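Input: a single structure, listed below in structure tokens.
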Amino acid sequence: MELRKFLLGAAAVGLLASPVAAEDAVKIGVITTLSGKAGYLGQDIRDGMLLAIAMEDGKLGGVPVELLVEDDGLKPGNGRQIAEKYMGDEGVKLLTGIVFSNVAGATVPDIVENGAIYVSPNAGPSNLAGEGCNENYFVVSWQNDALHEAAGAAATKLGFSKAFALAPNYQAGKDAITGFKRTFEGETVGEIYTQLDQTDFAAEMAQIRAAEPDVVFQFQPGGLGIAFLRQYQQAGLLGQIPMVLSEPSTDAVVLQAVGDAALGIHATAHWNIDFDNEANREFVAAWQETYDRPITYYASQGYDTARLIASAFAQTGGVDDIDALREALRKADFASVRGDFAFGQNQHPVQDWYLLDIVEDGNGSVKAVTNAKLLEDYGDSYAAQCEM
Amino acid sequence: MSPLLETECLYKRFGGLVATDNVSLAVMSGEVHALIGPNGAGKSTLINQICGELHPDAGRIRLDGRDITGESAARRVHLGIARTFQITSLLEDASVRDNVALAVQACLGGNLRIWDRRAARGEIWRETSRLLESGGLDDRAQARCADLSHGEKKQLELLMAMAAHPRLMLLDEPMAGLGHGESRDMVDRLGEIRKETTILLVEHDMEAVFALADRISVLVYGRIIITGTPDEVRGHPDVREAYLGAEDAPC
Amino acid sequence: MILVLEQILNGLQYGVMLFLLAAGLTLIFGIMGVINLAHGSLYMIGAFAGTWVAAHTGSFWLGLPVALTAAAVAGLLIEMLVVRRLYERDHLDQVLATFALILLFNELIVLLFGRQPIFTPLPELFSGSVQLFEGFPYPPYRLLIIATGLLVALGLWLLINRTRIGMLVRAGSTNRDMVRALGVDIRMLYTIVFGLGALLAGLAGYMAGPILAVQVGMGEQILLATFVVVVIGGVGSIRGAFVAGLALGVVDTAMRAFLPGFFRTFMEPAAADNLGAGIASMGIYLLMAIVLLIRPKGLFAPGA
Amino acid sequence: MPRLLAALVILALFAAMPEVASAMGQSSLMTLAARILIYAMAAASLNFILGYGGMISFGHAAFFGIGSYTVGILAHHLASGEPLFGIIPGSGDMAVTLPAALLVSGIAAAIIGALSLRTGGVQFIMITLAFAQMLFFFFVALPTYGGEDGTIISSANSVPGLNMRRKATVYYFILGVATVYFLILWRLVHSSFGEVLKGIRQNERRMTAMGIPVYRYKLFAFILAGMGAGLAGALLANFLRFASPDIMHWTKSGELMIMVILGGVGSFFGPILGAAALLVLEFHLAGWSEHWQLALGAILLLVVLGGRGGINGLLARLAGGRR
């Protein structure tokens, strides 16, 4: 049962965390989403961080650290409250962990105005990437739009010319379709915005079939994506109309849950489990030893965030000198599990994006295999608007 | 003498059931007009149309010559029609005094004031005390309404109706459920009230009806079969057959 | 034409799911006067218990009885430990208590099954798609759901119109005090109805498993739509739940499918998509508001 | 006057909070206190129609959100320099935004109330929920103001003579508004209208028979309550410097209702107690365990099974027991 795993995991986390809770440990505040449907995202981000810390025996960059973790419940107000608690009560100068853009919107401006540093392991909303950028705000993951721009590039590269795009009717969904169309050079023959809480896509399947596109792009994060892919298969569309997906629709949890309904799909990513570099091999091995569940890219981002912080701590020895810490972070002097990594002008990543194939893994399930590089040293569309 | 209340061909049906069938009724100013009839004859439906809770399908209602058919129930109270309920309907959580005070306040006006203190409106409390005294409920003023006896509740309802200074009082079975002594008290009380207002009385207690009524209308199957003095009604053969039937002749 | 037909089938399938949930909720609502926000949790419990067993045994059919049992047992426990103490209280206490239950169940599921969504394979027989007629493929599993929903509807109709319990249920939903006055052991009736409602919710949850994601919080998602069905149909009316469930399923599906296209005929595509999707997501609420404004008690309210 | 004393004690506690918080080295207590004040205002406005008027609105967060978005939208247009609908200029002035929030939420409450109050009972619960959800989806689908991601407000609205960049100043401003608000509410509850409203909760038929047009009175109360929630929402937007649709989601309406029930339905101080209890529990439990919702659920369940009247009722019984 999962309960046993949970207890083991909790014990492991407790063991990992306890020796570092020393007097001189630097506190890092993690605000993340652990409850509700998106709980696994925050959990993986946190565990990626814990893993990096454990691999250095409770330290990052030679500095003992203590990770404070709290659940924001996906409520912007709660995120803000936790940030205040960290900064005001615990004297935390370095915060991270937020999964969702709306929590970031309510929380990040307050953090950076307080003179603390925020390193995002996931959300990279556009309103903080352009004019709203800040020298104390770093994003390790990606700018939100880049995820979908990669998918658009993939559709172009694969030679498709008629695309059908679907996304939930909310900001991230609109950004997704905008992002896709920004890099897709063919024609978008249909666009559907689904309801935010919609889990049944039968109506959309029928419309896709009627529109006869040669490729489908859809953005349905988490559980929605699982439902979508399965229904795509059940509708008999899988194998008939190819699909190009951006990263959130094909994380490892989604793949495990959809199984063979994901076969043949073209996925895009900035990280995959099979990346052939030293840092990644180390990360994957450590994860598989510690946790009994699939590695998602969220975990890789949590891990990378911790490694980035470690690289900065190695230079500054901690958070006492914020200016020095900021400078050190900006250098991004660490080996990312995704290979090349640098910060752009707005302190968002400049990185490579890849095309993945979903194939059988030989154990009755499926896995993602890296096929080709799509975009090289790719930044984002908002960097130019950032004056820093 | 002109009628205070007139209904003209009031018609109301529920589904297949005709509850009031072209009822034309005139209540003279100053009289006690009793409305009798067997259960299900449509008495309460008629009362509810006069007070405005129900709207007739056809017909008109006039108060003092003025057509009030289209007026709301609340508006009719201000025009002078007050009522009591067959099953007492009070503010059960509030004290007796507060029940009366609210009725007084509703009549005095200023109900939409959001920046005054009701407790400081002396006029309300003076009138409330006067009413409580007149109804003999002043010693129960602080009691919670839900703790009152049935008879006391009936008295309280009457007081609250009186608070509106009605020209016409609709009494829906004021004696229902009362013991013999209580009924007699109620008859005495109504004898007092009739000096101040016209009364349309629905009642099964024939002793009370014949003691109080100046005129009586008999309603059967939604139709008025006769209106007349108590003696006329008592002697009317149709009434005996249709209403009194097998029962003993009244009084 | 095929598109319209397909969308109607899709709407029916969504509609019977809503009906399965709403049937129990409307009875609990109508007979006991209890607002049970935790009804969605029973749906989730059925889905998790059944799917877990199905995933470990590899058999869809083995999961079914487990899902039904788990949901019914959870329902009975809720009734006996919590709801029973609240019958005499007002709606607000019931809201607070059942809201607390949602929190409890969600977190318990996280503890037991983890945060990742879990997965059931479709039964072999029903995977893929069948050609209903030339050029019209349709997933047979969805047909199975529709058939199940209709069968349950028939079963409930027989139960309510042909049995003693059904008679009590009917009497109870129109006049609670009367049933009590008859000297019927009302507690027993309440427990049975609650258990039955939970069972149907569990069935709906398990049936939804292979097409949706079985995950924490799946109950709240469908809870609101279920309440909408109950209210439109008329509180306490199974017939209302059936008609409103199917109507809402079809209307909701049709709006999602055809509104943007409709707006595109006279608007810019981007604006049309936006407006269409916006109205479609408000659709069921709009529909409920309109129905209530015309018939304040819903379509088939008992005793109205 | 135990109530007056209680009120003064509560006020003194809140007034001392920034000092206490910094003395304890827990400056986040001030944030918590500010959120409690704001939520208490919103919950109290719900309690006004729910507890005093008997109208169980499950969509009250709509007005909370509308107040919040009024501030957010005015700030957005101030920043962009483009007037709303081409005529209404943006504003960052508290003297403009608060009245605007009151006005807009009042109008919204008038429309929603006028339609919803035609029903009653469970149907009223659901129709208010329906309107709130429609508004929620409307704002989620509205790209101009960030849709679901919300809109960031660059700074708190200005008040002449106050430095609203200082957190403590914003806090004291909120405390000041809340104090005035609760004083007004106290007057309102004990006014002639307040008494009529309490009568309506107990027996609408009787009130009609007294000559009170019940529908109009309920609508008036509904509008007042909507304005109260709108004011709270405007303060929240100023405090968070952020407005997003999540505060009009149905779960937020539920949260407000839970604060009212937890504190004690129809008691004046109930919503303050309820808001404080729920937010403090959330604050500490979330810091204590990631499975805090389990504990919260258990506590809420115990409270509701344990007794009637919420915390206020519990306090009353304790006070009664001691005597």
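Which chain is which? They are A, B, C and D, in the order written, and residues in each are numbered from 1.
We take it that a residue touches a chain if its C-beta (ideal position, glycine included) is under 8 Å from a C-beta of that chain, and two chains touch if they have at least 3 such contacts.
Small disclaimer: the values here were computed from a predicted structure and weren't measured.
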item	value
Comparison of B-D and C-D (more C-beta pairs in contact)	C-D
Separation of chain C from chain D, taking each centre as the mean of its C-alpha atoms, in whole Å	32
Chain A and chain B: spacing of chain centres that average the CA atoms, whole Å	74
Gap in Å, rounded to a whole number, between the CA centres of chain D and chain B	44
Inter-chain centre distance, chain B versus chain C - centres from mean C-alpha coordinates, in Å	49
Residue list for chain A, restricted to those that touch at least two other chains	34-35, 169, 193, 195-196
Touching two or more other chains - residue numbers and ranges from chain C	106-107, 110-111, 274, 277-278, 281
Residue numbers of chain D (touch at least two other chains)	137, 140-141, 143, 293
Complete list of chain pairs which touch one another	A-C, A-D, B-D, C-D
Residues of chain D touching chain B in the complex	187-188, 190-196, 198-199, 202-203, 205-214, 217, 220, 224
Chain D residues within the chain C interface of the complex	50, 56, 115, 118-120, 122-123, 125-127, 129-131, 133-134, 137-138, 140-141, 143, 250-251, 254, 257-258, 260-262, 265, 291, 293-294, 296-301, 303-305, 308
Of chain C, residues touching chain A in the complex	3, 6-7, 9-11, 13-14, 106-107, 110-119, 121-122, 127-129, 137, 139, 141-142, 208, 210-213, 215-218, 221-222, 253-254, 256-257, 260, 269-270, 273-274, 276-278, 280-281
Of chain C, residues touching chain D in the complex	29, 35, 82, 85-86, 89, 91-93, 95-97, 99-104, 106-108, 110-111, 220, 224, 227-228, 231, 235, 274, 277-278, 281-282, 285-286, 288-289, 292-293, 296-298
Chain D-facing residues of chain B, complex	51, 53, 72-75, 77-78, 82-83, 85, 89-94, 98, 101-103, 105-107, 110-119, 121, 160-161, 163-164
